[in-house]
Amino acid sequence: MEAIVQYLLTGLSAGSVYGLIALGFYVMWSAAKAVNFTYGDVFMLGGVGTVVLMELGLPLPVAAATAIAGAAVVGAIVERVFVRPFNREANSIGWMLTTIAVGIMIESSTTATYGPLGRPLPTPLVEHPIRIGGSGIYPQELLLPVAAIAATFALEFFYKRTVLGRAMRAVSFNRVAAGLVGIDADRITLLAFAIAGGLGAFAGFLVAPVVQASASMGVIVGLKGFMVAIIAGIANARGVVIVGILYGVAEKLIEGFLSTAARDAIGFTLMILLLLLFPQGLFGRAEVRKV
Amino acid sequence: MRGRAGLVLLLLLAAALAVFPWVGDVIGERFPTSYELRLVMRAMILAIVAIGLNILVGYAGLVSLGQAALYGLGAHVAALLALRAGFPFMAALAFSVLIPAAVGAMLAFPTVRVRGVYLAVITIAFGLVFVNILREWVGFTGGASGLVGIPRPTILGERLGATRALNFNYYYLILLFLLAAVGVQAALVRSRYGRAMRAAAQSENAARALGINVVAIRTLAFSISAGFAGLGGALFTNLALFVNYETFTFTTSIELLLMVILGGSGTLAGPVVGTAVLFSATQFLQGLGQWQTFGYGVLLALVLFVLPRGIVGSLQRLMHRSVAAETSRETGHWPNWVEGLGPVTARHDDAGQSTLLARDVTLRFGGLTAVNAVNMDVRAGTVHALIGPNGAGKSSMLNVVSGFYRATSGEVSVFGENVGGLPPYVLARRGIARTFQNTELFGQMTVLENVLVGQHPHFRATFAETVLRLPRFRREERAALAEARRLLDFVGLSGFAGEEARNLPFGHQRRLEIARALALRPKLLLLDEPAAGLTHGEIEDLVALIRGLADRGMTVVLVEHHVDMIMAVSDRVTVLDYGEVIADGPPSAIQSNPKVIEAYFGNAKLPGVAVPA
Amino acid sequence: MSEAILSLSGVRVAYGRIEAVRGVDLTVGRGAFVGVIGSNGAGKTSLMRAISGVLRPAGGTISFDGADVTGQKSHQMVARGLAMVPEGRMVFADQSVRDNLVLGAYSRIGKDDAGIAADIDKVLGLFPRLSERIDQLAGTLSGGEQQMLAIARGLVSRPKLLVIDELSLGLAPKILDLLFPVLTALNKEGLSILLVEQMASYALAVTERTYVMENGRVILDGPSAQVAADPRVLDAYLGRRGAA
Amino acid sequence: MATDRFSGSGRRLLLGLVSAAAIGTAALPAAAQRAQPCIGASWELTGPLAHTGMTIRIAVETALDEINAAGGVLGQPLRLIAYDDVGEPARAVDNARRIGERDNCIVMMGGFRTPNAIALRDPLAEMELPWMGVISAGTGVIEHPNNANKWMFRVSMKDRWVAPFLVEAAKARSRSGKIALVFEGTAWGQGAVPDVERAMAAANTPLAGKETFNIADQDMSAQMIRLRDAGVDTIIFYGVDREATNMLRSMDRLGYKPTIISAWGIGVQFARTAGPLAEGVLVAGTYTWMGDLPPRAAGVLQRIQAKFPQIASAADIPLPSGTANAYDATYIIAEAIKLAGRFDRDAFRQALFRVNYEGIVANYAPAFEPRQERHDAILPASYKLFAFHNGAMLPVEQTPFRQAAR
C-alpha cells in the first residue's frame, strides 16, 4: 500500500516533467506541424543555465528567469533557422534531422564547456522530504505537477482568451486563412517556438534540484516527452499533460511490480501498441482521407 | 538518364576499394595497416546497411529512426548462432539476414495505419526496446558486456581475415557483398517493385487505383531494408568478433539516416557515397578533440542546408538540367491509334450487359450526405456521363465505384459481381481504371515510368526472377516498355518520355494520367473531370479518344462539367444535384431538362438577369 | 493616384514548371464591381491567390491602391485594405462566430476595440442569421452561414477591395439569392468588389464588368451585359467549340 | 598532439580510398620489430565520461614529466599518444590498432570502461601489444577464458578481489546481517554480480536483495522499497556519482538509511551532488588525495596542480584512485622498459614480471607474475576503505565511520 503511494507520488512528479515537455511539443506542433526534435536540450538549458548563472553570483530567481528567457530565444532561433526552411515539403525528415543537428550542437557544446558531470542546484525545497507514512516526496517535486497543471490552464487561457492565442489557433487551423485576416503566420510560429522554449527551460529548472543539472539531463526525458505527445495525439493541452503524468505513474508501477531493468522495454512496447490501436493518438481526431 | 552521375562515382569507388589493401606495395610503406583496413571494412559494412535504408527512405518514402536495431539484430543473430549453436559462417549469415527481414515485415505493419512522425516514433521506440533487451537479458545476450570470443569465421575450412597472409579474403568478401547490395538495389529500383514503392510514396491513392497493394509493397520495402541491415550486422560481428548493444543505439540510427541523406536519398549511388564521405569526415572530426561531436552536428546541419538532395542527388540535378536543355519536345497529336494497342482495348465486357450497376447507393460523412440513394446502370461499351454542379456528389460516387469510399448503404456490382467493400487495388486488377479530378501523377517519376507503373499487375515474374533479372523478367519488362511507349505515342507524349511528370504542362498531365490508366488494360474506365483546364482543341481530341475507346468496346464513365462535351460524347447521362439523381437519360433529353439548366446556371431571380439557355 | 484600386499587368502564376496563370491584365476601378468567370481549372483561383498575396506571382506586377504590391504577403495585403473571401470559406471552425469576426480585424485588436465592435454590429446587420449564431462554433454553421461569416469576417477588416472566390461553391440557389443582394448593396455603398464565380449567370447579373478566363488567360472582357450576350462566353465557359 | 596525428591518418585514409596511391608521410619499416618509445592510450576524453580520461591523463603526464626530466628511458624521452574513445568499445579497438600498428608504441594504456577493455582482448593478442589498465576493474579484463591472457596487465582493482573486501566491510557493519547488492546496468555493474554472489556465499550469508538500475535513472524508489521491506540494512553498491545521488534521494524520500558500501565508481564529485546525504557513505578504493598525505604524494599533487590549472585542489580530481593507479602504472612501465633494455614489446612484457617498485598506492614487489591472475599489480592487501565526511572523501580511519554502527 505504502509502496503504491510512493509510486504514485514519484510517478506524478516524473510524469509531470514528461507532461510539461509534451506540452512544449504540442505548442510547437500546433503552430508549425513540426517540432524541435531535440527539445530535451532546451529543457536542459533551463537547469544548466540556472546553475551556471548562480555560480556567477546571480540570485536563484534572476538566474532562473535569465536561463528561461535565453532558452526561449534559442527556441525561436531553432524555428527560424532550422525548422522553417525545411518545413516546406511534406515529409518530416528535413526538420527532424536539422533539429537533431541543433540538439547535437547544444548538448556537445554544453558538455565541452560545462563538463560532463551533473551539478547540484540547491533549493530549500529539496532539503527535507515530506513524509506520508512510509513514503515521501520532496516539496520541489510537488511543484512539478502544480507547474504542469498551471501551465496547462495558462496555455488554455492564452489560446482561448488572448488575441495572440486566438491568432495562434487560427494559424494552426489554417495558415492561409490566418494570413487572409492579417495574421503574420511566420511571426506567430516563431512566437510559439519561443514559448515552447521557455516552457521547456522552466521544466528543466524545476526538476534540476532533484536530479542535478547535467548536459545529458534532457536526452531521454525529451525523447519520452515527444513520444508522450504523439501518443496523446498532440491535439490539446490537457491531453498531452494527462498522458504525460499517466506514463510517469505507469513507469513507476512497472518498476514496482514488473521490472526495473526492463522498464523502458515494457513502457515503449506499450506506446507502440497504443499507437497501433489509436493511430491518431488517444486524444487526436481522425481526419477523413481525401481522394 | 538517372543514376549516371552516381555510376561513375561508384565505379571509381569500387576500383579504389579493390586495390586499397595493396597500396602499401605501390608506395613502398606499411600502409594500410590493419587499422585503416578495418576502418574501410566498417565503412563498407555501414554502406550495405545504408543501401537498405535508402530503399526504405529514398524509394518507399518511409522514415525509419530505428534501423540500428535491425543492424544489431543481424549482428546478434550471427554472434549467438556462431557462439551458442556453432553454426558455420555462411549458415549464420543466412539467418541473420532472414530473421531481421521477418522482423522488418512486422515493423511495416504500423504503416498500414500511421505515417510520418507517428511512424518515426514507432521505429524509435522499437530501437529503444531492442537496446534495452540487449542490455538487460544478461543470460542470453551477455548484457552490457556483450558477446565475446566469437569464433573466427571460416568458409569450407578456409579461415577468413583481413591479413596479408589470408590475401585479405574477408575484406574482399565484404566488398563482394557491398557490390551485390548495390546490384540488388539497382535491379530492384529498375523493376516494377521499385516503381511501385516510389509510386506508393508519391501518390498513395493513384498507386492503389493502379492495382498496387500499398501495404504489401511497404512490407516488402521494410523487410528488404531490414535484410540488408541484418547482413551488415553479421559482417560486422565476424569482423569485430565482439558485439554489445552500444554499437546499435539511436545515435547509430541517426548516423545511418544521415549517410543516406548526405549521399542523396532515392539515388542508387547515394548511400555508398554518403557513407564514404561521412565516415571519413568523422575520422577528421576527431581532430577537433572535445569539440568533435559539435563539429559532427555542424556538418549534419551544413549538409542539409547546402545539399538538401544529397551529393549524388544534387549532381544528377545539374546533369539533368543540362540534358533537359537540349532535348527537343514535340507534342504529338492525340488520340493516335498506333499499331498494337489491341491488348489495351481488348479486355472489354460483352456488349449489352450492365458493366456497372449501382442500387440505392448512399454515402454519408458524419452529418452530410454526399450521395443519396443513387441508381445507375452503365451498359458495356457505352460512354456514360455523370454530371452535376460542384459538390453534387459526382466524385464521391466515382470513389465508391473505384473502392476508395465504402458506400454507407446500397450495392455496387461490376462485371456482374457485387464489389461492395473491395479495396481499390483489387478492383483495379479486375479491370477498373480511373483518373483523378486534380491529376494524381507520380510527380518525381518520369512520364514513361508513370505509364509503366500502370502495368504493375501484368507482371508474372517472381521477386527472385526480378532481382536476378532472369529471362522471364527481362521479357516482361521489354514488353511493358514497348506497350508504355505505344501508349505515350497514343496520347502524343513520346517526346516527354524522360521528363519528370510534375514538369509537364497541365493539359499534358491529363493526357499522361489517361495513358497511365489505360496501361492497366481496363474494362471500365472512370474519368473524373478529364476536360477541366483543357483547351478547346484538347477537349475535341479528348472527345475523339473517349469515343474511340468506347467504339473499341471499353466502357467509360465520365464525370464532367462541360455540358456540351458530354452531349458530344456520351450515350447516356445521369445528372446529380445535392447527391441525388435529378435526371437520367439520353443527352438530347437532358439538354432540354429545365432542372438541369437551373442546377448549372442557377436561376438568378435578380433584377436585369437573363438566364442563358 | 490612379482611380483604379487594383490593376494587374502580365501576372503569371506557376506551380513548379506548370503555369496556371499565363500573363493576365486586369483592372478594378474604385467602387467597381468586377467579375471573373471561367471553367474550373481556368486559373481563376490561382489568380486570386496571387492578388491576395497567398502565392507569389511568377511574373508581372500587381498594384493596389496606387502602390506596387507585387510579392507582398497576404497579411500585408490585408493591412493595405484588401480582404479576400477564399474558395471554400476557410472559417476558423474551432472558434466562435464572434471570435472569427474579431480576428477579421486582427490588426486593430487592442487599438480600436470600440471600432471593431461597431463594425461587427454593422456586418451582423447585413447577416442577421449570424447574430443568432454569434456564440456558436463556426464549424457548426451551415455552408451558407459559413459563407456569410467569411464575407462578414472580410468586411470587418474595413477593406477597400473585397475579393470573393467562388461564392456559390456548394450553395443552394436560394442562399445565393440571399447573398448577392448584400454584395450589390455593399458595392452601392462604395466598396470595390472582385467576384470570381462559376455560376456565370449570377456573376454576369450583378457585376458591371466581367473578365472571362480560360487556360490561365483572359480571353474576353468588357461590360457584363455585352459579355453575357457574347456567344464566346458560353463556349469558353462550357468548353463548346468556338462558333465561327 | 592527438589532433595532427588523427587528421594526418584521416587524409591517408582518403588518399588510399580515392586514388589508391597515397604519398605516405612518416612511413614505417614493413616489419617493425622495434617499437617506438611511446605510450599509446585510449581514454574517454570527450562525452559523458570525459572526466575519467582527465583523471588518468593528469597523472600520466605528470609522471612522464618526472621520468623524462630524470633522463627518460634508455636515453630517450617517453612520449604519450592519447586517443579519445568516447567510451565506445568500437573506437577503443580502432585506437588500439592505430597504437599497435601505425604508431607502433611499446605499450598501450586503457581507460575507464570495462567493456572497452574486454573488446580489446583479441586485437591486442593479435598485435602482440601490451596493455596496461588503470581503472576498468572488470575481472574478465585480466582473467580471460582458459588462461589466454598474455598481453593485458592492470594496476587497478579487480572486482573478483573487490567483492570479498566489500562483503567483509559490509558484514562488519550490518546488524541484521541482511546485505543487498545494487548495481548499474552496465558491463561493470552486471559483471560484478557473480563476484559478489560468490563472495557472499564464501562468507555464508545469502544476498538479502539484488537490485539494478539504468544509467541516468532519476528515481529508485521501487528498488529501495523492496530492499527496505526485505529488512536490508547494508547495501553494496556498484554505480557512479549521479545514480548514487539519485539512490540516496530515493532513500531519503522513504526515510530509509542503510549503510552504503560502494565499489569505487563513486568519486569526490559525489560529495557535491549528494550534499549532506553523502555523509557516511563508504567507498572502496586504492587512494584518496584528501586528508593527510605522505610527503611524496603531497609533492605529486602539487606538481599536478601546477601543471593543470583546472585542478585547484584534491577535490577536483574526480577519481582519486584512478589518478594514483595511473601514476604508479606509468612508473612501472618506465621501469620495465629499462629492465627490458630495448624497445621490444615481448622483452617489455617479460620485464614486467621483474619490476620491483615502491609506488604511492602500494609497494609492487614484484609488480606482476606470469599467471594471468597476477597480471593485476595491486593486491587486496592494498585496497582501502574511504568515507565521505564533511564533504570530503577521507581514509575511513580519519572519520567517525571507522567501525560499524553509524
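Letters A, B, C and D mark the chains as written, and numbering starts fresh at 1 in each.
Note that a residue touches a chain if its C-beta (ideal position, glycine included) is under 8 Å from a C-beta of that chain, and two chains touch if they have at least 3 such contacts.
Owing to the predicted nature of the structure, the values given are computational and were not obtained by experimental measurement.
Visitor: Per the contact rule at the top, check every chain pair and give me the one with the most C-beta pairs in contact.
Guide: So the pair of chains linked by the most contacts is B-D.
Visitor: Going by the average position of its CA atoms, which chain sits the greatest distance from chain D?
Guide: The most remote chain is C.
Visitor: Measuring centre to centre with CA averages, how many angstrom lie between chain A and chain C?
Guide: 42
Visitor: Quick one: report the Å distance separating chain C from chain D, using the average Cα coordinate of each chain.
Guide: 76
Visitor: So, what's the distance in Å between the C-alpha centres of chain B and chain A?
Guide: Distance between chain centres: 35 Å.
Visitor: Where the centres are mean C-alpha positions, what is the separation of chain B from chain C, in Å?
Guide: Each chain's C-alpha centroid was found; their separation is 40 Å.
Visitor: Two or more other chains touching the same residue: where does that happen in chain C?
Guide: Within chain C, no residue touches at least two other chains.
Visitor: Where in chain B do residues touch at least two different other chains?
Guide: 135-136, 290, 293
Visitor: Residue numbers in chain D touching 2 or more other chains?
Guide: 46-47, 50, 185, 212, 214
Visitor: Please list each pair of chains that are touching.
Guide: The list of touching pairs comes to A-B, A-C, A-D, B-C, B-D.
Visitor: Which residues of chain B touch chain D in the complex?
Guide: Interface residues on the chain B side: 12-13, 15-17, 19-20, 23-24, 26-36, 38-40, 42, 135-136, 138, 143-146, 148-149, 240-242, 244, 246-247, 276, 280, 283-284, 286-290, 292-293.
Visitor: So in the complex, which bits of chain A are touching chain C?
Guide: Where chain A meets chain C, its residues are 163, 166-167, 169-170, 173-174, 176-177, 179-185.
Visitor: List the residues on chain D that touch chain A in their complex, please.
Guide: Against chain A, the touching part of chain D is residues 46-51, 185, 211-214, 216-223, 225, 228-229, 241-242, 245-246, 249-250, 252-255, 269, 272-273, 275, 318.
Visitor: Hey, which residues of chain B end up touching chain C in the complex?
Guide: So the residues of chain B in touch with chain C come to 389-391, 502-506, 509, 529, 531-536, 539-540, 561-565, 578, 598, 600-606, 608-612.
Visitor: Enumerate the contact residues on chain A facing chain B in the complex.
Guide: My answer: residues 82, 85-86, 91-94, 96-98, 100-105, 107-109, 111-112, 223, 226-227, 230, 259, 261-262, 264-265, 268-269, 271-272, 275-276, 279, 281, 288, 291.
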